[in-house]
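Got a structure for you, written out below as structure tokens; questions coming shortly.
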């Protein structure tokens, strides 16, 4: 871990101003925001992250930690702890996919520490990224290559991969936000903006180091999720080698609006198999208006992985991901949900 | 939790006392090696090579030395010849491997220590280590069996031949001919590899977790070229070991040397990642097993060929075939072991080192044979049960294998199993039941102990044994309490210090077996001094009062059956090695057991889970069924883990470690473990040692993986022969 | 492939709702408008490598320490304050041995910077006490059920277990198993740990 300057702004305004001034002094200086710290401190110890400034946002956090239901719209402060959201009755009742994605993630201790905003921005678990001794990593050192493509890549992505990076996105909550078409509120030097959560992460392409569309210094303050029948009939299926405290080998978030057996609307997001939180748009389109049975689910699963590209050890993620989609769709359809 | 079943005790030994050190452990006051606080400590950070093989061409230490607070950096250039060679444990020495710490510019494996930074703070030491620039000339590294540079050979000492295997195999009606493999695995005790060294003049004190502190003492003395009596190694609590802490690793001499150079105590707490390279590990194995049986299921032919892997520096193999071919009656036997030498660190002991991989192969093959012959797997083992091992015709000192199968099978509900694979289901889950035998050789070695009796009835027991969590403190107190006839709460215990009477390594499930007789002998000597008979009759306190003596102390040494003549000399040189198992001239001695598991496999997504396991084990006398139960259950969970999770990933391009952390090297978490029941089958064996103990530290983890692979076959009809068993192996098979 | 191309794009851009720069969150009024940040005081910032004075409230006592900002709460407890009950098992948030209670909830001290733990109420295993001379019921239950072997993960297990009960996640054996999965026990005393927590949960009125 390299030395850094520690700053703890008392307000968002102070944070924005300090960051703008710091950048005007030294445009190349690297700033890292810290909330729960569960990703950043880990990567700093590994010497992967070497920020010059660490800006502790915890004095600001209380202003952006609220969990509120505004009509049918759920507003989640980005500094709310994962555990608080996972255990919130309004979330469990109206947005089960969110509660499940959070309670199946990490451990109880980490969920007590980690903020929602930091969680969606957590970094890949690619081993070659996490150890600077592996010199080839386009995400860590742009232009250096990718050690994972011909290395040990069982955990790596099969969707959204490029020639430059196959690192999988490790999170769970992001898939729930994808499946609920959430909106994210961002604050930075240029003010406040609201963007679809689906546009927050960038596929690696030929710049895998640029993981998000966040502008320099910008911070996530809130997630906004519309409720409705699809949100109540939603769930998160996480497949892994051990029962708990592990990243997904494959995961599926499903939000389903079902009339009888017929799909009025459906959203499917995939984790563990893709470079970014992934929406299976083609599968959704195919399912809309169809009656949801084993055959329809299997067709959707087939479509969802039509563009998959596998490497040495991760080809199994394609059939596994398909099976997970079928299981998630049928289990979501079988949920007992109140319609109003 | 189901209460353990255990033999009814007749005295203090055999009762389930709570742990002697329980309060210290729940209050956080038990002092592990890294908890010892020494004034003026400098902190060390190790730099490990990140190449698989090659040579250090140059260090650039400029940036590292510029970090404020750095006081010293040890490299092969700055250490030179200050650390001498000591042979590895496998060649009559002490070390985990034969690579001399910072001995040269040569890098033999990924993770080899190449520098040690010493600084005023941990943060500065870590930063500086991360700023050391090493220029390597990288050479191609062979990572495993199939690598181009691997050197293959057969180890003649493990070859066995009885009867005519080829003829019998060819003629038999039922036969199995299959290949199996097991992966690289690391102990990953929760405690990190920590070492603290402090010099007082020319006397060195070392705080380091160890399963054999005298091994560290005498080996380190050789490395540093000093009188062993100037070194004291202290460690009252070990935070888990499982084999990893039974050797002198390269770090100890480096920390000792650093402390001498900087004139301050030096503390090293190696990282979790570095723990994957610092000590030994379970190397990958391969097996070819051929079994043949007649119409009734009697074994006619048994051939087991093993392939093991080791480093270039140390030629070793565990040769578990010597045990597996002796387990069941069979007239025609052939067995051999091959070894491949590659560019990796030296492997070594890990809980059931030979038994776990070889048992996986044999006990899976037996299940296959049972299906081929149309027999219940338990009945196949009953048909081939024997009191005499089939290679040399030597008797088992005691053997309760089928009692174990019957006890565990009944508790598990085995008779309710339907034999047809895929025939048991529960909703979306496929259910499979499987079983396998467990075995572990009963080993023992020479040990010593000192017991002191005070007139007020207080007893103090001292022996340089080791508390790894197996319950050594409690066991020592129980033995002395029973032998002297005093209450448990009057007995205090010292262990974990090289100034105490030497005891054997806490390994090979032999610690209790070996140390208990020495305590018993010392107690008996006290009784004789007081004019009492041996055994537990007669009031020692009354005798003390009558004699007018304030304190009586006796020291005793005991040796185990079949030990070499020089065993006592070796005990006092930190080189006591257990004997027993199949290495005796007149008999074989084993603890035996039976493992039953239920697996559930999701019909769509193929997760494999083990909701329940039942094991029954016969291991002679159980001194404390409470701590023994913990050992057996823990071992069974290790077996579940070994079967389904643990696998160290090594990149074949450079023999580099990929998942050397606890997020990616999977150990079971609480949610993975359902009900686990360990039954202790009563067994009396007066031959194995005066204490009648066979040891329970390892047997619990032997056979579990085979039981699981057999259960997976039962659940879905697919036979898996390569560990760990994972989703990808069964995706297409339901 | 260009750096803006997105193969996982939705079928129609019209489904997206961009609302740039116009949202006021319900939680708090923002002081920031492009270029018009209020002239608040600069946040206090230490120079790189300059030790900072850190005040930690541990087990009811306040400790003032001059620390490198890189020091974790775990290392501050162990190396500076001398509370060695919290253990380093991985130093990366992967094992739970360093678990402490922070403001009553279980957190990992190895991933917490000490400087960021100021003003929070920290309880370590040494500070977890029962009534009068009695052991805390969770500690007693761990002894009674033999819920440890080597003991190294035990302080973290016990504090995590107290958190588990307080958080209302000790309602059944399965719930305990899931909510205690952040504490790895390599000796694998898991069945006894579950039994101990079930027992202590009753004794704690959970």
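So that you can tell them apart, the chains are marked A, B and C in the order they are listed, and the count of residues begins at 1 in each.
We take it that contacts are C-beta pairs under 8 Å (C-beta built on N, C-alpha and C of every residue); 3 or more make two chains touch, one makes a residue touch a chain.
The structure displayed is predicted, hence computed values, not measured ones.
Trainee: By CA centroid distance, what chain is farthest from chain C?
Mentor: B
Trainee: Between B-C and A-B, name the chain pair that shares the greater number of C-beta pairs in contact.
Mentor: B-C
Trainee: Which chain has its C-alpha centre closest to the mean of all protein C-alpha atoms shown?
Mentor: So the chain nearest the centre of the shown protein is B.
Trainee: Could you tell me the distance, in whole angstrom, between the mean C-alpha positions of chain A and chain C?
Mentor: Here chain A and chain C have centroids separated by 21 Å.
Trainee: Let me have the rounded angstrom distance from the C-alpha centre of chain B over to the C-alpha centre of chain C, please.
Mentor: A distance of 33 Å separates the two centres.
Trainee: For chain A versus chain B, what separation do you get between their C-alpha means, in angstrom?
Mentor: Roughly 41 Å separates the two chain centres.
Trainee: In chain B, what residues contact two or more other chains?
Mentor: 123, 127, 663, 668-671
Trainee: Show the residues in chain C shared as contacts by 2 or more other chains, in ascending order.
Mentor: Touching at least two other chains: 49, 68, 70, 91-92, 177-178, 180-183.
Trainee: Two or more other chains in contact with one residue: find those residues in chain A.
Mentor: Chain A, residues with two or more chain partners: 1, 3, 45, 243-245.
Trainee: Which chain B residues qualify as touching chain C in the complex?
Mentor: 1, 18-19, 21-32, 34-35, 37, 68, 121-124, 127, 187-192, 237-242, 269, 271-272, 468-471, 626-627, 629-631, 633-634, 637-638, 641, 661-663, 667-671, 673, 675-676
Trainee: Okay, in this complex, where on chain C does chain B touch?
Mentor: Result: residues 49, 68, 70-71, 75, 78-79, 82-92, 94-95, 97, 124-126, 135, 139-140, 142-146, 148-155, 158, 176-178, 180-195 of chain C touch chain B.
Trainee: In the complex formed with chain B, which residues of chain A make contact?
Mentor: Within the complex, chain A touches chain B at residues 1-3, 45, 47, 125, 127, 131, 133-134, 150-152, 154-155, 237, 239-247, 249-250, 316, 319-320, 323-324, 326-327.
Trainee: Would you pull the chain B residues touching chain A in the complex into a rising list?
Mentor: 50, 123, 126-127, 130, 428, 602, 604-607, 609, 644-645, 649-651, 653, 656, 658-659, 663-664, 666, 668-672, 726-728, 731-732
Trainee: Show me the residue ranges of chain A that touch chain C in the complex, using the header's touch definition.
Mentor: Listed in rising order, the residues are 1, 3-18, 20-21, 34, 36-38, 41-42, 44-46, 52-54, 56, 58, 63-66, 68, 70, 75, 77, 83, 87, 106-110, 112-113, 159-160, 162-163, 181, 183, 185, 187, 189-196, 198-199, 202-203, 205-207, 210, 221-222, 243-245, 274, 276, 278-279, 281-282, 285, 307.
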